[in-house]
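In what follows, chain A forms one complex with chain B and a second complex with chain C.
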Partner chain A sequence: MILTVSGIIAILMPVLACILQIVFAGFSLGCIPSVGAAVFAVLAFWRKGPTLAIVSVLLAFVQICTLNIVLTVIIAVIGAVASIFLMLGCEKWREAHPELTDPKAATKHMIIGFILPCAISLLVMYAYPVVRTFFMSFFDMPNITAPVSEWTFAGLGKYVKIFSSQSFIRSLQNMLMIWFVGGIITLALALLFAVILTSGIRFKKFFRAAIYMPNVISAVALATMWIQYIFNQQYGMLNSIIKFFNGTPINWLATDMKFWAMLGSFIFGAVGYYMLIFISGIEKIPADLYEAATIDGANKAQQAFKITFPLLKGVTKTNLTFWTINTATFYLWSKMFSPVDTEASVIVPVMYLYDTAFPSKGNMRADAGAAAAVGIVLAIIILAVYLVMNKLIKDDDVEL
Partner chain B sequence: MGIAGFITALAASAISLIISFIPVQLNNILAALFLVILSVMCYMMPQRTSLKGCLIGCSILFVVFRFVYMSLIGRVLYIILAAAIIAGAIMMNTGSQNTTTGGKTA
Partner chain C sequence: MAFGKNEKLPKVHQKINWKKEATLLPGYIIILVWLVFTAAFLLWILAASFSTTPEIMQGQVFKFETGFHPENYAVAWSQQNVARYFGNSLLYSITGCIVTILISAPASYVLSRYKFICNKILKSSLIIAMSVPAVMIVLPIYAITASWRNAPDRLIFTVLMIFFRVPYTTVFLLNFFQTLSKSYEEAAAIDGCSPAGTFWRIMFPLVQPALVTVTIFNFLGIWNEFFMALIFANSQEIAPVGVGLLQIVNSMKYTGQYGALFAAVIIVFLPTFLLYIFLSEKIIAGVTGGGVKG
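And now, the complex of A and B:
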C-alpha cells in the first residue's frame, strides 16, 4: 500500500512540477532533474529497487534547489518526501519477498537504469550535432544557428566550393605533411624511447616522466614557450647557439620556416604520449620469448626486429589511429603560430573550418554550410585512414 | 553512538535551516527543511542504511547549490555543517549496526 501510494506520488509530483514550471515561468534548470527524478521513481517502482529510489530522492533534492516558483518548489518537496517513502516501501517489499528479488536480474536492470541518462545525454550531445552537421553541409544558411526554415538546398555546391578554394587545398597539403613527416618522426622517436626505457636502464621512471612532461603542460603554454624562448630571433635559444658559433641568426618564424618550426615543437609535445602506449605494448610481451631468443644466440638488435616490432603491430595501429585523429583535429598549434591572420604556411583544415564558420574579417561572409562540409571531409579522411590501416596491419597479438 | 550521531546531524541541519533564511529564498529554506526531515527519519528508522546515504548525498548537494550565493565565510560554514551532517549520518549508521548485529558489518 505504502509502496503504491508513495510510488505514484513520487512519479507524478516531479512531472507536475516540471510542467507547471514550464507553463508559468518558462524552462528552468530544475526541469532536467525533475524528469530524472520521475524516471528513477518509475524504475524504482518497477524494479522495487531502494537504490534507484535514492537516486530519485537526490534528483528531487536538486530539483528543490533549482526550481524558482513557490508552487513548484512545494510540489518538489512533496515529491522528494514521497521518494523517501518509496525507498522505504521498496526495502520493505524486498524483505517480504526475498525469493522474488533475483540479484542478477536486478543488477542488469540497475545497469540499464544508470547507463540510460548517460546514453541519452551522449545521443543529444554527440549524435545530434553529427547528424545536423551532415545535413548542414548540403544547405546554404545565413549563420550556424539559423533555424531549418531558413536553409536553402545547395546540393554538392558546398563541397565544390571548398575543393575549389586554394586555402582549403593548402590546408589539406599541410595536414598531409604533418601526418606523414610528423608521424614518421614522432612514432619513430616514441618507439625508440619506449625500447630504450624498457631495456632495463637506470632512472627509468624519471626519464619516462620527463619525456611525458610536455603532455601535462597546456599546449598554449608550450607553444608560447617555443615561440618566445626557442625561436625568438634575438634572444631565442637556437639563435643564441648560432651566435655563439659566430653564425648568422635565422628567422625561424619567417614564412618559409614557420611550418617546420611549428611541426618541431608539436612533435616535442606529442612524443611522450605515444611512447607511453608503446611501453605498455612492449611490457605485455612475455619475457620467455626474449629468454628463448637469447639462448638461441640472438643479439639485442635481432630481438628488437624479430620479436618486439612484429608483436607491436596492434599497438602501432592504435598509435597510428590516434596520430591521424590528432592531425585531423590539429588547430591550436596552428593558431598559436599565426595568431592574428591565418597564414597559408600553417593553415590546417580545422582552422579553415573555423575561419569559414566565424570569419574574423568584416568583409567575409560566414558560410556554415561550407564549414560543415569541411567537417564531413575530415571525418571521411579519418574513417578512410582507419579502415585502410585495419586492412594493412593485421593484429598479431601475443597469445598467452 | 546513534543518539550522538542524530544530535550532530539534527543540530547541523537545523543551523543550516536557520542560516538559509539569509537571504530569504524559498528553495533554500525548503531544501534545508528537507535535511531536517531526513535527519529525523534516519533516527526514527535506524535499520535503514539507505536513508543515511540519502542524507549524506543531500547535504553535499545542498552545499553545491548554496555555494554560488554565499560569501567566503558562508561557504566555509556550510562546508563545516555538511561535514557535521555526514559525520552524524555515519555515526548513526555505526550505532544502528552495533545494536542490530552486535557490531558486525555485512
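And now, the complex of A and C:
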C-alpha cells in the first residue's frame, strides 16, 4: 500500500509541477526545476532508486513554491505528507529488495545521491550563468530578462562601447590606482605587522586578533563608521586632531579627497587578512635559520631582510592573487562613498557594471550586453594576473 | 592536518627579559598606535549611539551631559526598520548555513573518499567556481529569477546564498574527510551499516570541528553579503542588514537622527563582533588553514 502511494506521489508531483508552471508562468527558463523533476522521476522508475524519487519530488516542490504564495502553503502541507510517505516507502522498498544491501549497489546509490545537489548547484549557479554572461557580451538585448529569441548579434560592439565610455575608462584607472597604491601600502603594512608579531612580542594572539577584527564585522557598518565619524567635517576624528594642532580642517569627502579617503579606510579593513597569511608563511620558516643568524651576529632587521623576505615568495604570491581578485571585484566601499549617484572620483568597474545593468535614473537604458562585457573584461584581468603571477614567482625555488 | 596547532612545551613562568623587550619596543609602539586608533573610534561610535544628535554635532559624546540615551536603540530598532533587516539576515544566515552543510558535507565526503568517473572534473570545477567573481554570474541569475515572478523573494535569495557558499564549503571539507581512517568504514560495513548510514552516523560527526569552522565562515559570509543582496534583496521588506544600513544612511538627510544611526551601526556590528570575541582563535586558524591551499 505504502509502496504504491509513494510511487504515485513520485509520478504525480513532477507532472503537477509542469502543468502548474505552464499555466501560471508559461514556458521559460523557470521551468528548469520541473523538467529536472520529470527527468529524475523517469530515472527513479528506470533505476528503481528511492533517492532519485525523493529528489524528483523535492524539485517539483521547489518549482511549485516559486509559482504562487497561496499554492505554496497548500503544497507545503502536501509536500510534508508526501515526504513522510516516501520515506516509509523507501524503508519498505529496501526490505523488499535485499539485493540493495549489496554494498556495491548501495555505494553507487550513495555516491549519486550525495553528489547530485552539489552538482546541481554548480550547474545552476556557475556553469550556466558564466556561459550565458559570455554570450550576452556579444549581443544586444532590449532588457536584462529578455529571452534569447529577442537578442541581436552585436559582435564586439559592446566591448567597443564600454572602452569608449568615459566612466568605464575612469573606473579602470581608479581600479588600477587601488591595485597599485593600495596594494603596496596594504601588503607593506601587513608584512610589517606580521614581522613584528612573530618577533616574539607579548600578547601576540590578542594583537593578531585585534588587527584582523575589521575583516569579520560587516563592511557596511565599518564604512559607515569611517564616513560618519572619522571623515566627518564637523566632529570627525581627523579634523578634531587637526584642530587640536591648530591646523585648518580638511573636507575629506570633497571630490578630490574622496578617493584617498575611501582607499585609506579600505586599507584599514584589509590589512589584517594579508597579515594572517604572511604570519602563516613566516611561521613555516625553520627557527634554526634565525638561531644561526643570531649567533653570527645579525640583528632583527638584517634577519628580516636576509631570511624572512626571500623565503616569503610563496605567500606573497598568494597575497598578490587575493589582492588582485579583491580589487577587481571592489564594489562595497565605492558604493558606500557614493551611495546615491555614482561619482566619477570613486567609480570602479563593478559599479559601472551595476549602473549599466540596473540604471537608477529613468532616462538611462539598461544595457545588459555591455554589463556582461564588463564582467568578461574583469574575469580576463583576474585570469591574466593569475597566470602572470604563476610565471613570474615560482614558489618551488625554496623547499620549506 | 591543517588544523593541528604547533604543540609547544608547557610554558614555565618566565621572568620578563627587559633587554629583549627593549629591542622589541618599536614593534610594540607601531602595533599599539594601530590598536589605540581602532579602539578609540569604536568607543566613540559606542558613546555616540548613546548620545543626542546635538551632542554628536558638537563633538561632545564622552561627557554624557544629558545622560545616557538608550532610546536611540529603540528608534533604530523599530522606526528605522532595523528589526526587520536583522530578522531577515538571521533567517538567511541560519537557513543558509544549515542547508549548505547538508549539501556540501555529503558531496565532499564522496569526492574525497570514493573514485568515480567525474570525481576529478567535479573537484576542479568546485575550485574554479570558488574563484568565479559574482559579477560573472549575477546577470543571468537575475534573468532566471525574474522569470519566477511569483516566487517568494526571500526563498530566492536564501537559495542563492546557499549555492554561493557550496563550492567553498565543499572544498574546505575535502581535506578533513581525507584524513579520516578507512577502518571506520570497514568496521561499519562489517556491522551491516549501509554506506550512507556510515556517513551520517560516523563520518559526519567525526569532522564536527571542521563543520563548525566552515559554518562560522558561511555565517559571516552571508551576514556580510552586500553585492548580491543589493541586486536580489533590495526592497525594504526583504533586505538584510548590509543593504538596510545603506538605506538608513541614505535617509539620514531627511531624518537627521545621528544617535539612531550610530545605534543602528552598533546593532549591525555587534553579532559578528561577539561571535569573533568568542571564536577568534578558531576563525584565525580557519583563515590560514582552510582558505589557503598549499
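We adopt the following convention: the second predicted complex is superposed on the first by the 280 of 400 C-alpha atoms of A that agree within 3 Å, B and C clash if a C-alpha of one lies under 4 Å from a C-alpha of the other, contacts with A are read in each partner's own complex, and residues count from 1 in each chain.
The rule we apply is simple: a residue touches a chain if its C-beta (ideal position, glycine included) is under 8 Å from a C-beta of that chain, and two chains touch if they have at least 3 such contacts.
As the structure is a prediction and not an experimental result, all values here were calculated from the model.
**Q** On the A-aligned overlay, A:M364 touches which partner chain: chain B = first, chain C = second, or both, or neither?
**A** neither
**Q** On the A-aligned overlay, A:V81 touches which partner chain: chain B = first, chain C = second, or both, or neither?
**A** First partner only, chain B.
**Q** Looking at the overlay, what does A:V57 touch: chain B (first), chain C (second), both, or neither?
**A** Once the two structures are laid over each other on A, A:V57 reaches chain B alone.
**Q** Should A:V388 be classified as contacting the first partner (chain B), the second (chain C), both, or neither?
**A** In the superposition, A:V388 contacts neither chain B nor chain C.
**Q** Can A:I380 be said to touch chain B (first), chain C (second), both, or neither?
**A** neither
**Q** Name the chain, either chain B or chain C, that contacts more residues of chain A.
**A** C
**Q** Figure out whether A:I217 sits in contact with chain B (first) or chain C (second), or with both, or with neither.
**A** After superposition on chain A, A:I217 lies in contact with chain C alone.
**Q** So, does A:V160 touch the first partner chain B, the second partner chain C, both, or neither?
**A** After superposition on chain A, A:V160 lies in contact with neither partner.
**Q** Could you tell me if A:I184 is touching chain B, chain C, both of them or neither one (first, second, both, neither)?
**A** neither
**Q** Quick check on the output: what are the common chain A residues between the chain B footprint and the chain C footprint?
**A** Looking at chain A, the two contact sets intersect at 65-68.
**Q** Would you tell me which residues of chain B are touching chain A in their complex?
**A** Against chain A, the touching part of chain B is residues 26-28, 30-31, 33-34, 37-38, 41, 45, 48, 50-51, 53-54, 57-58, 61-62, 65-66.
**Q** If you look only at chain A, which of its residues touch chain B in the complex?
**A** Going through chain A, the ones touching chain B are 50-51, 53-54, 57-58, 61-62, 64-68, 70, 73-74, 76-77, 80-81, 84, 87-88, 91.
**Q** Within their complex, state which residues of chain A touch chain C.
**A** It comes out as residues 24-25, 28-30, 32, 65-69, 72, 101, 103, 106-107, 109-111, 113-115, 117-119, 121-122, 124-130, 132-133, 136, 144-146, 192-193, 196-197, 199-202, 205, 207-214, 216-222, 224-225, 227-230, 234-235, 237, 240, 273, 276-277, 279-280, 283, 300, 314, 318, 325, 328-329, 331-332, 335-336, 339-340, 350, 353-354, 357-358, 368, 371-372, 374-376, 378-379, 382, 395.
**Q** Which bits of chain C are touching chain A when the two form their complex?
**A** 6, 20-21, 23-24, 27-28, 30-31, 34-35, 38, 40-42, 44-45, 48, 56-59, 103-104, 106-107, 109-111, 114, 116, 118, 122, 125-126, 128-129, 131-144, 146-152, 155-156, 160, 162-164, 166-167, 170, 189, 192, 194-196, 199, 220, 223-224, 226-227, 230-231, 241-243, 245-246, 249-250, 258, 261-262, 265, 268-269, 272-273, 275-276, 280-281, 283-284, 287-288, 292, 294
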